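Structure first, commentary second.
For clarity, chains are labelled A, B, C and D in written order, and residue numbers in each chain start from 1.
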Amino acid sequence: MSMMTSLPQFPWLSLLVLLPLVGALLCLLHSKRPADCRALALATSLAVFAVALYLFVCHGQSDGRWLLYEDVAWIERYGIRYVLAMDGIALLMVLLTAFMQLAAVLLAWRVERHVSSFFALLLLLEAGLMGIFLAYDLVLFYLFWEVALIPMFFLISVWGGANRRQAALKFFLYTLVGSFFMLIAIIALYQIHGAQSGVYTFVIGDLMQTQLTAAQEGWLFAGFMAAFLVKSPLVPFHTWLTDALTEAPAAGSLDLTGLLLKTGIYGLIRVAFPLFPNATENFLPVLGVLALVGLFHAAWAAYHQDDIKRLLAYSSISHLGLVVLGLAAWQLTAWEGSILLMVTHGITTGALFVLVSLIRERTGTRSMQELGGLWGQAPCLAFMFLLFSLASLGLPGLANFAGEILVLLGTFQQHPVWAVVALLGVVFAAAYMLRLVQGVLWGSTHKERVLPDLTMREWLILLPMAILVVWIGIYPEPFLAPLHGSVANLLAGGLP
Amino acid sequence: MMIPFGHALAFAAVLFVLGLTCVLLRRQILMILIGVEIMLNAASLVFVAASAYWQQVDGQIFSIMLMAITAAEVAVALAMVVYLWRRKRTLIADDFNGMRG
Amino acid sequence: MNESLLFLIPLMPLFCAVINMLFGMRLPRLFAEVMAVIGVASAFVLTVLFWGYAEGEGTRAVLFTWLNSGTVDVSFALNFDRLAAPMTLMVTGVATLIHLYAVGYMHKEDDYARFFSLLNLFVFAMLAIVLADNMLVLFLGWEGVGLCSYGLIGFWYRKLENAKAGTKAFLVTRVGDVFLGIALLWLFAVTGTLSISEINAQATSISSGVVLAVSLLLLLGACGKSAQLPLMTWLADAMAGPTPVSALIHAATMVTAGVYLLCRLFPLVSLSPVAMMAITAIGALTAIYAATCAMAQREIKRVLAYSTMSQVGYMFMAVGAGTVAGAMFHLLTHAFFKALLFMTAGCIIHLAGDENDIFKMGGLRRRGPVELFWIFLAGAVCLAGLPLTGGFFSKDGILLALFTHPDPTYKIFWLIGVVTALLTAFYTFRLVYLVFAGEYRGTGHPHSLPLLMRWPLWPLALLGLLGGLFNLPAFVGGGETLHHWYDDLAGRAVTASHEVEWMLVGLAVAIAALGWFAAHRRYRIYQAPTENAVTRFLLNGWYADALVDRLFVRPFTAMARFCSSGCDRSLFDGTLSILAKMASGWGSLLTQMTTGRLTTYLSTFAWGFLILLGWFLLKLVDGGGH
Amino acid sequence: MSLLDLLALLPILILVFGGTAILMAGAWYHEPRPLLAGGIATALLAAVAAGLVQPPVAEIAGLFSAGGYARFFTILWALLAAAGLMIAGRFVVEKKIGAGEYVSLILYAAAGMALLSSATHLLGLFLALETFTLAFYILIASNRHCEMAAEAGLKYLLMGAVATGFMAFGIALIYASSGTLALPEAVVQLTTATGELHAWGLLGWGMVLIAVGFKISLAPFHLWTADVYQGAPAPVAGLLATGSKGAVVAALVGMLAMAGPIWHDLIDLIWLLAALTMLVGALSALNQKNLKRLLAYSSVTHMGTLLVGLLCQTSEGLAATTFYVVVYVVASFGAFAVIASLADKRGEPMSFDQWRGLGYRHPVRCAVLVLLLLSLAGLPATAGFMAKFAIFHAALQSGYIGLVMIGILASVISFAFYLRVSMLLFQPDESASRWHVGTSLEHAVLAVCSSAVLLLGLFPGVLFDLIGRLLP
């Protein structure tokens, strides 16, 4: 760590956080000219993506050490530091964020009300997410953690569906309750560490050396888990997600499912597990069981939905159950699979949300009862829908399978029963996804509806996603390579 | 003759409670104000008694200040009473209940 | 030649599928059709060209790393060996013929690009199964064929029943896939590799319990794809797809993938006698179950579907009896004659004016081209196992293997096999009579048959009839070519005295004749079908669908409703709204205290004062205690 | 009282004499704007004086401290008074309030608050408290065109009078038991006093607590708050919600900082008060349909949180409390300033029906309001978060886990109502009417408040360091 700080280097990580912030500000300043705002948001997202891509290309291989590390004193009274750090996992999440953000901006192109605010919020959200994935000081982490909520709250509550206000409040308060527990745990850990070593700091790497009694560790761990598991989301604390995802505007759903959900799991990986190794070890079996419960519960509930957006929301929960299961297995392959699955789930489910919003734009409904026969009317749209649905149900050769099979292979070596039960979930996934496809694509076409096929802009959103889905499906190596070192490191409980 | 300190305190306490009771039980703004005056006087009494007990002047100074404050307060209060009477033609405290909840 | 070129075999169909998928509708129809046929035909030609690679130990080719994480290191690799080569040849060959047939069959269909790209994609996926070097590539193909089957069954998606049949097929086979998946995970956990040849090599060092468990899991996986009990309900409904699809996927290739899988992992599976017994039992039960069902079906394609199930049951029995060569032999001949039967059935349906019900056919011998009857009959005699046909030899080999199995229990399976053969002969000729004999009973107007639907039947008819030559048993002077080709992969060598063999042949001939005779008696002259409990029971496939519905579907949907409405809506959201209501209830209670009346406000002073005094007294009492 | 004392008292003197001068001038000169400008100038001058003039003595006449801590709050209240006058301009002109009286009362109130924050003697404390209370009696009812203002004035007056009674009697009892009015001693003596005297003294402190509870509206003495804030004109309510409460808390901080941890006997009581106040305030705000009332209840919650900080008695807790006071003052005053800046002939926008969709009519000010509300809620990256963080940190360090949990519960509920308002502002509603565009002075105040909230949120270190050095 220290040797990284000694080298003055270009603050790439700060750039990742600041660029969207600046973009957001500029958007607000141009509130009278919506067209400029769109261009501005797109330019900013492109710039962020370019930076992320550059970092990805430069640091595609990781030996587990920090790829980049920035450390500045911030609030000295409390020993709070501005520490941004990136390892292979963060790199992947940053890349995903930048990529999804591009899609979100393009998707939001046709937003008509309060364009500048919409894009400003979208960019603010990106800044918050980047911060979450990069922060290595707990207070900084918490700050970004909460900051990311606000834009999402307004995106839902202003631009959302019919039930938007209730959904937005539920989303915010639910996650807030969890994160408050985390705040308390952060402060308590800080005090314990300070009292022990005399050094008051919030930097995760330093706090890892705290000597905790079993009880202390358990309580603190519980505080962190409250935040991360609500965000993940863990059954039974998941109902905020289904409502929020259902009501959010298209770009909001995309970011929510593709990125914001991942922050919870990322928090587990980056914060909770390394800080409390013993409590983690004790909790892992419970976590695995909870993940399985979530996986099945959500899959079942998804099967019952009529609103396709809600169905997808449940499918997200189910998939994340598998991700958490992989983590709970505490095994290299499973972890790498989990992280890969996070990325691929972001892309596939994100794309499905895009498609749902396109369908909604065209038909005015999201109810499966009223949809159907889309294949005959908008074949390209329908093809994309089918492709991403298949990816989502874990068809080999498409992206999700790569992650899923790694999770299962890894998990089986530690907990065969978990893996077997999780595999049953695969049938469930097929059941609800096929029901979705059947309800939307097949059946007789509604003659009275005129459905234009994909436009240029929509191709621009979906095509890169489709290419990625196939690419990761058959050649995930570039996305796995940065993980090897970092994951091995985290599993060994060492400092990067 | 020296009145025992305890007696003075007890008397003042009774006076204070009486004043408070007046404040609580009467509905008339003026009567409530009178109740407050009684409470303040009880305080004055304690100050004077304590001043004597501790052989200091601090308490007496305080009680003089208290009188001044009371006077200022009464002045404002009476102006308010007049103003309210002009507006609403009532001096029952509970009639002023336009805001609640 | 570079062995990587072997990848051209599966990739050619894939390439053409992708081209058709992306550009098929934009380019002339002829282009799509030619693309589709070229994709498969070139794979066939390549297989022939590369045949030499399969000899000996076969050839392994690696394209690139697929998944690499920790101990997992899986590549896109294929293994072109003696087991894979004939299968590849059969798949590509039959597929080429069926593609040609499909060009004719689909000539009025608008959505041809989707059809052909899916069909090509299917061939790719099937070849992936056949050629897979490791379990994961096999799984890729395994799921891929499922997907294509799904897409093609529901090809005419505007009728929701078709789409539903596709969904059902996908789901039921996916249940099987789960077991295959578990087996895959388990094998990886035990052997540390996913390479099939390495797993087979290490098989002997795996503990017998694990071998048994994995074998049973593999069996269940195979059951799903091959429509064996208990995962057989989807196949009959799958007939909703276009006929070329039924011919290719649901007769010749995909449904035999399960058999192929068991043969592939035979060195592992054969280590567990119990598993072998289970395989035989499943095969036997399915064979007789499906044969009984086939006897009562009214739709021509459903008859053939049940017969497929039944014949695949034979193949399972062969594997269970330990003869890979026998299983593969029957697989090949069955592929030829069943594809032939399906394709002919497509012609028949055309002629009957899109009528499926055999009771509304009849007299078709004179309505269509003359050769059609003979071709169908060629397929039928193969299926019925009339002597000297391909089906006769392959089926007889299996029965022989069962009969000569050292374990006496197998005699029971042999008996079942014999009874099934009788039933098979019966329903086959029932079909022939009902379709071709007598007068035309339907009302449909015949469509013309394009040339492309007629001539691909000939090669198949020849292959079916002469299929016995591939593995002609020694006692009739044959060279057992297939058995020798497989050599060490062929499993148990079936040896029996000539007397036994002749006796069995005699029995088989007798049985076939008996079946024919029974059908002849019953159906030569048309009689209206009888409706009774037994026929209904058989018509509905022993009510298996209803049973599945009761046992699995309904509890599943009930659970879904419970999770969604019961848990999420009522319990979780309900708790939340109770909490919210409580908070706002407390809030309004508290704001009610703000009455707006001064006296209320003033009284808070008194209350505060009283509380203070009370607390104070308490404190004093407490303090007095010290 | 020497000349040096007067020099130390200079900021107060500027406020008082400036106020008196303006009062006099107002008698002859009726043009309000110059008077207001004079008032603002006086307040700013007092702030500058407090900042620049190094007081030669540490204590003024044994009544008030002249230390850095006192000067810090003097600056704060003087600035607050200036801001209060800035946003009151249109109110005074449009409602034809006597500008001289209004300005001078504000300045007197500021003087009272400044004195209160620096009180080191119970007499000084009492006098300072009464000074600004009397000013507020009048200010609240100053809008003669408004029925509610009169009612609010009456309510504040009567409650205040009774509280004064409690305060006076409480102080008298303390004096009786300890024999001194000087602050640290009056507390310290209590620990040594025995028997009856000890009891009387504790009772006295309890009664002072009740009076203080009224002033900073601790539950259950908070009932007047919402009515008075609703009735009082927003510029006055802004001061009332921030200055009058902040000054009392500042005095308590000073008292505790000097007296050290000796409130052991009262800790249970304060614990209860804090918990009750946080919860009652948050819950009461939940169903409000009137922004000013909502802000009133929100201030109740905040006072509860402040009490938690006070309860810690550690330097950590006191620093946190001080920081919290500043942040609360800025954010809460800013919120009232937004209301004041929107007010026009129809009065102030108050009910939620009036606020609905206003975010599309006045986007910038509504955005500022949202920011300030979020700061009040304690969202990270705003000053409110750092304040809450500091309080929770101090409370945890002192072992008040229960209070922290209750505080979190209250925070969650608070978020609910702040966010509801935020949503309301940006709820599409075509019928939302336009309000006043606001003057540049009002905008300046808002700009200062919002940037302060953000800057203190991102770089709180400056203020923390300052407070750390100033705490007595």
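The rule is simple: a residue touches a chain if its C-beta (ideal position, glycine included) is under 8 Å from a C-beta of that chain, and two chains touch if they have at least 3 such contacts.
No experiment lies behind these values; they were computed from the predicted model shown.
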item: Touching chain B and also chain D, the following chains; value: C
item: Winner on C-beta contact pairs when C-D is weighed against B-C; value: C-D
item: Inter-chain centre distance, chain C versus chain D - centres from mean C-alpha coordinates, in Å; value: 77
item: Centre-to-centre distance between chain C and chain B (centres being mean Cα positions), rounded to whole Å; value: 96
item: Distance between chain centroids, defined by C-alpha means - chain A, chain C (Å); value: 37
item: Approximate Å spacing (C-alpha centroids) for the pair chain A, chain D; value: 43
item: Residue numbers of chain A (touch at least two other chains); value: none
item: Chain B: positions in contact with at least two other chains; value: 20, 23, 32, 93, 96-101
item: Per-residue multi-chain contacts in chain D, two or more chains; value: 154-155, 158, 162, 166, 226-227, 288, 416
item: Pairs of chains, among all present, that meet the touch criterion; value: A-C, A-D, B-C, B-D, C-D
item: Sites on chain C touched by chain A in the complex; value: 21, 25, 64-72, 76, 136, 139-140, 142-144, 147, 150, 154, 157-160, 162-164, 167, 170-171, 174-175, 177-178, 181-182, 185-186, 188-189, 556-557, 559-565, 567-568, 571-573, 576
item: Complex contacts: residues of chain B adjacent to chain C; value: 20, 23-24, 27, 32, 93-94, 96-101
item: Chain B-touching residues of chain D, taken from the complex the two chains share; value: 122-123, 126-127, 130, 134, 137-138, 141, 147-148, 150-155, 157-158, 161-162, 164-166, 168-169, 171-173, 175-176, 179-181, 196, 200, 226-227, 230-231, 288, 293
item: Contact set on chain D toward chain C in their complex; value: 154-155, 158-159, 162-163, 166, 199, 202-203, 206-207, 209-210, 213-214, 220-221, 223-224, 226-227, 265, 268-269, 280, 283-288, 413, 416
item: Chain A to chain D touching residues, read off their complex; value: 31, 74-78, 113-114, 117, 139, 142-147, 150, 153-154, 157-158, 165, 168-169, 172-173, 176-177, 180-181, 183-184, 187-188, 190-191
